[in-house]
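Okay, so subunit A shows up in both of these, paired with subunit B first and subunit C after.
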Partner chain A sequence: MEIERIDIYPTHEHRGYKLRPGKPYPFGATIVNGGVNFSVFSKHASYCTLVLFDKGASEPKVEIPFRGMFERPETKEPFWGDFRIGAVYSMVVFDLDPEEIEYGFRMDAPYDSAKKGEPGFHRFDHGNILLDPYAKSIGGREVWGEQPDWNDIYQHRARIVQDDFDWEDDRPLEIPMEDLVIYEAHVRSFTRHESSGVRFPGTFAGLREKIPYLKELGINCLELMPIYEFDEFENSRESPITGETLMNYWGYSTVGFFAPKAGFAAMGKSKDGTMVADELKNLIKELHLNGIEVILDVVFNHTAEGNEFGPTISFRGIDNVTYYMLTPEGYYYNFSGTGNTLNCNNPVVRGIVLDCLRYWASEFHIDGFRFDLAAILGRDQNGAPLPNPPLLEILAHDPILAKCKLIAEAWDAGGLYQVGSFPAYGRWAEWNGKYRDAIRQYLKGDMGLIGEMSQRLQGSPDLYSSRGTTASINFITCHDGFTLYDTVSYNDKHNDANGEGGADGANDNNSWNCGWEGETDDPAINALRKKQIKNAFAMLLTSQGVPMMLMGDEVARTKYGNNNTYCQDNDLNWLDWEKFKKHEDLYRFVRNCIAFRHEHYVLRNRWHLRNEDYVGSGYPDISWHGTTPWQPDWDGTSRLLAFMLCGKHARGGTEVDNYIYVATNMHWEGHEFGLPMLPDGMQWHVFANTGMPSPDDIASPGHEPRLEDQSRFFVGDRSVVILVGK
Partner chain B sequence: MAFEAHLEMDGQVAKIFLKGQLDANAAPEFRDEVEKAAGNNPTRLALMLHDLEYIASAGIRVLIFAKQKMGGGVDVVAVSPQEQIVETLEMTGLTHSIEIIETLD
Partner chain C sequence: MEVNVTTQGDVTIVDLSGDIDGRTSPQAQSVISANLSDGVKLLLNMTQVPYMSSAGLRMLLLVYRQIIAKQGKVVLVGLSEDLQDTMAATGFLDHFDTFGTVEDGITHLNA
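Coming up: the complex of A and B.
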């Protein structure tokens, strides 16, 4: 006989609600037999109540204290009760329909609490209803862009989800890091444009419809810009130019770390958090079925609560001094550049970050995480950089995260720049900002870069010597800054539409407009731009390390020179699928370059090349060349560099591959490159030559035409040539 | 509209007719019919959804429960659901495990 649990009966009652002391762990709201377990931490609160709403109701249906006089359920006899263990308030409320309620907390404490706009350590206010930091679903902004009820006393409303999604056989893919080709995209931007043709534009479901596109392109990892619940109306204002609403569009300002952004779900309108989660899980499951991993861009450096003037949503009303880094005067430190800084190396905050990532890895089968402004995660509680940051170490060694990709944006807005020195614990990779800068400078024809380019093309051993090539996420463009098309079409940023008088966005774009600022009808300029984009992709996809490309660069997406479109819910961010028709040749070039990378182990070495022959092939694993083979021109005035990868050294000599030769000429004149001789019986074949018009610019991998003159190749002005020796 | 669920056996095919709104309150009633159907050892379970107007996450879960309860040998199909229900089933991934068909042959 099955014995029933003995803790499924109420022991306490409050205003007709049946209760019993809860379990402090796990934090948040958890469905248990007969009810819901609520658990919330506050070190400094002395009093806490659970506030329950019928879904969407303007007033609470009941407020239940975690301490006070209760009644015995059978006799109604009054008695004193306290549901706190340590600094955690927890109780079970019976007979709740998890689909139909929303919940929050009120907290109070016998401290002086700072008023809005004033500095201070505590911000307790019994008048605020506070969002659970562990809320798995959050209502209030569930349909993107729909004006919220600003008079609502509870703006971001915690909801309860069922976590029993039917994953069938799905699990994270665990694709080796060196085999990834990452595509960075924004959920809404990817399909919001009417040209996307999907049924639910701008949503997880819309993205799911476009999986065949991603698969055909050949990427195997989708990195999503923030999908944690955020408030698109945070700091919303009118554009001085168009009058449209400027929003917190990108979402780098978290409201709740455990909740998917409801407004990104077509099911958001159902106001059912489980449906939202299921829609996202279904997307992830289908991406996995198609061999595509999912990396989430996570923002643990700050929250949506801003500085002293910001709104009290959750953390600051629950335990301000625990969750935020504060100056000795009680102001918010601002290492994030957005008003506050999450106190990441407070042990409690480390715990929530870990719980959050474990939740996403286990419940959503997420394959990896990219940490926004990750240098902040290595600062101590006063903001000083730590030599051995416990948070980064914990994440690197966590059992559940053991196979997740961990990628740092290894800098912050407080001036801590750790590219090449981010504490890695054998796990962490970095967005290689130096790769981006060097390739862009080289691409536009700057001199003095040959030495550095040789480092960047072989996975930046100067930065990551002990960590291998996979520590380097190679990228030329990302959501921050110009698109690739804009990198070759604008010398300067054009950010007027952001309404900040041009003060926002980076100025060190390392871009060159090819002779005209912005759009032009000049066919020569347009042809050069397209060639430059191809040059960039050719270098990116033949570099050792992990390539990452930005959504739409494969079809020349433009943001019209705006390099910081964080607030634009319009064509500046939305991918225009009509571009696909206009730039089919470019798309083909990129697709073939990706396929070529997948085809060749020699391009995807886990460990750095040694610049020597250690398998007895007669060729070093990588060798450097100039217009004369074996004689690279390291001169400070040079704008050309070629390298050859020896196929017998692929993956440390464990795989046999073709030889690959890549010649880059960023000079405005063409140059003839003498070719290194191949081993007997092999011949050079031409895979790509950006100097040729489409379709002769690139071959299908495996079907490269044989090169007639095996001794030399004329590389046109500002061109890249890729040859295969086989 | 109130929820109704009832089972009809048609040879070896178990048909469960669903009507109204399938939410958390209604889910146990549906679940009972699934249990009953399973007791008849059908070769096929047909969920007749023509009159189903709304399905919440609790209802989705009973559909998955039905699939799991029947085991691998039993074909579970959703027959003639309304457009909105189809969307919900597609978006939450149900169409992986339960086939949607227009009519029951």
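Coming up: the complex of A and C.
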């Protein structure tokens, strides 16, 4: 027999709705015995009402003030009430069906409020219905691309979610950082193409159907581009070239930090927020069952509310000066390049960021987070970089986030570039932009890179000496910029389809088209491109640090030279699964390289190599070689570098592994490399040689053929060779 | 929402009819729970259920847990394609054996 709570009886009434003072914590809408607890913060509002809608209704069913005249439920006697503690308005409304309602807030304050387009500190407007910043589900855009009702007075509608998903024994996987192979993907892009063959293309459920593909490829961490609710119609416009609608496709513009993007769920159309959440949780549970972690790409640097001219959705109508960085004149600072900047080091905003990450880690079992334009998280309320940013420190030391991966995109659009110097607190890793740049330059045959390459291949000890290799997320491609195929097929970006006159997107692509700009029938060029892609993967997957690959690079995905497809809901972003048939050899190469990495501890050291022998094997943990063993050519004109990893030094000498030798020749001529001698009884075997056509380009890990001439190896032009000594 | 309970041999058949949502699932659950004995063989006939909300899905999972606790068995019969999709996407389908007809469901329960 359960003992009933004594707070399940109403104390107040308003227009027939039974009420009670609520609890300020947790913020947002929480299902409680007999009703729903609503709680919202505003430091500057003096007036707040709860606005309730029947789901999808154009007009509210009732507005309930948080302070004002109420009636006593028993006697209907009027009396004054105030549901506020500190700067938090909270009340319980009884007898609501959480599935059937949507809610918002209306706020006002006795301040001058700035008009649209004008600078100002407060943007209270009694006419707006405001989305709860803590909304766990948001309606209004629940079916991707379906034209919304622009006359709706409440565009992004907060819904209530049941948080009792049955996870059974699932929990975050806590795979050691050094063992990760990350695959960056966009939920819709992954299965939207008709060739995906899934039941619900472009959704969480569709992605779930493709888990076997990811598992076979061998990745063990899926990094999802933004899945927080965003508005694909933000700044939507017609393409001047194709007439298609250009959208906020990638989703780097958050509407609500706690709600999964309903339009990414097959269940979005049900308008049932709990089902949307369940669908995503079911995906994560299944990924975990298959040994794959989930990292979310989170955007805390700005919101979808834009600049002075932007829409009032939530934050700016609730407490503009708290949530946004403002200039002394009341303009929005624009360190994000998108109109506004979230005021991340305001204590209240720090709180919501922390609450948000805790929610995703605990409620959705998320394994880690990648922070978009994370340098902004280290700026103070006036935009100046902080030496010891409290937000970054809090996240690094938070108990619930203690095992989560924290990865920074360590720069912002305001010119703050912190690769190698991001405040790490022993936790933070970084997208290593310098790795990307160096590998791309080396790949296309630039000179003067041998010294830098030796750093990048070792996990960039020049950048992360005290933090270890796992501070370095090694990547050659990501959603920003060219795909790997385009990196070897285009010298210049071709962004006309984005409708910005081709001016958008980065210009420092460090790419080389192999002799022809774009698609070609020339078999020699196509063969070279494929070899270059294999070279890139061979280097990425034998580098110390944490490799990250971009969705589709394993099957030569192209965006036809567009290096900024943020607005393209079409083949420029969608993965064409037919490519798999055309590039099965490339897929096999990548799969085997990943398997090889998983097989060998010596490729996955947590701490930087020391370039010395400290276990008495007679070999340094890593040694450098040129065409003559033990004599690397550090000359400024060199395009060759080889290294050998000593198996007895794997993981600081705690594991025994094979010896691995990797020769990279980015010269346009082949070179013979003399091989270092192995310890007695060991022989070189050939795992990969990108100079050979498939299937001789790569072996199955563990089944490498023995090398006939143990003293030398001819490495073809622009080729990478990987040998195993065992 | 209507809930009818009949038996066929030692199989308990619950015919559900109407939407199962936040409003109706408590009623369905209380009727079903009242018919769960140890080792129960339960057939939920969903042929007349056009729609289930997340509350409906939760009701089914609760029933499933109760039946497992009583060492019983449960099957779902006559799920519409829509409901199959919903239950598959949200993961609830993983817990249930489903059949097209009452006869097939009974055969499985008696196997």
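Operating definition for what follows: the second predicted complex is superposed on the first by the 724 of 726 C-alpha atoms of A that agree within 3 Å, B and C clash if a C-alpha of one lies under 4 Å from a C-alpha of the other, contacts with A are read in each partner's own complex, and residues count from 1 in each chain.
Following the convention adopted for this analysis, a residue touches a chain if its C-beta (ideal position, glycine included) is under 8 Å from a C-beta of that chain, and two chains touch if they have at least 3 such contacts.
Predicted model, so just to flag it, every value in this text is computed and none were measured.
Participant: Using the superposition on subunit A, tell me whether subunit B and subunit C clash or fit.
Facilitator: Once both complexes are aligned on subunit A, subunit B and subunit C clash.
Participant: One more residue to check, A:S195. First (subunit B), second (subunit C), both or neither?
Facilitator: neither
Participant: Which partner does A:D278 reach: the first (subunit B), the second (subunit C), both, or neither?
Facilitator: Both partners.
Participant: Taking the superposition on A as described, I'd like to know which of subunit B and subunit C A:N491 touches: first, second, both or neither.
Facilitator: A:N491 sits against neither subunit B nor subunit C.
Participant: Which positions of subunit A sit in both the subunit B and the subunit C interface?
Facilitator: 97-100, 162, 164, 166, 199-200, 204-205, 265-267, 270, 272, 274-275, 278-279, 281-282, 285-286
Participant: Mind listing the subunit A positions that touch subunit C in their complex?
Facilitator: Interface residues on the subunit A side: 97-100, 162, 164, 166, 199-200, 203-205, 208, 265-267, 270, 272, 274-275, 278-279, 281-282, 285-286.
Participant: Along subunit A, where are the residues that touch subunit B in the complex?
Facilitator: So the residues of subunit A touching subunit B come out as 97-100, 161-162, 164-166, 168, 199-200, 204-205, 265-267, 270, 272, 274-275, 278-279, 281-282, 285-286.
Participant: Could you list, by residue number, the parts of subunit B that touch subunit A in their complex?
Facilitator: 23-25, 56-58, 60-61, 64, 87-88, 90-93, 96-97
Participant: Within the complex, which stretch of subunit C touches subunit A?
Facilitator: Against subunit A, subunit C makes touches at 21-23, 53-55, 57-58, 61, 85-86, 88-92.
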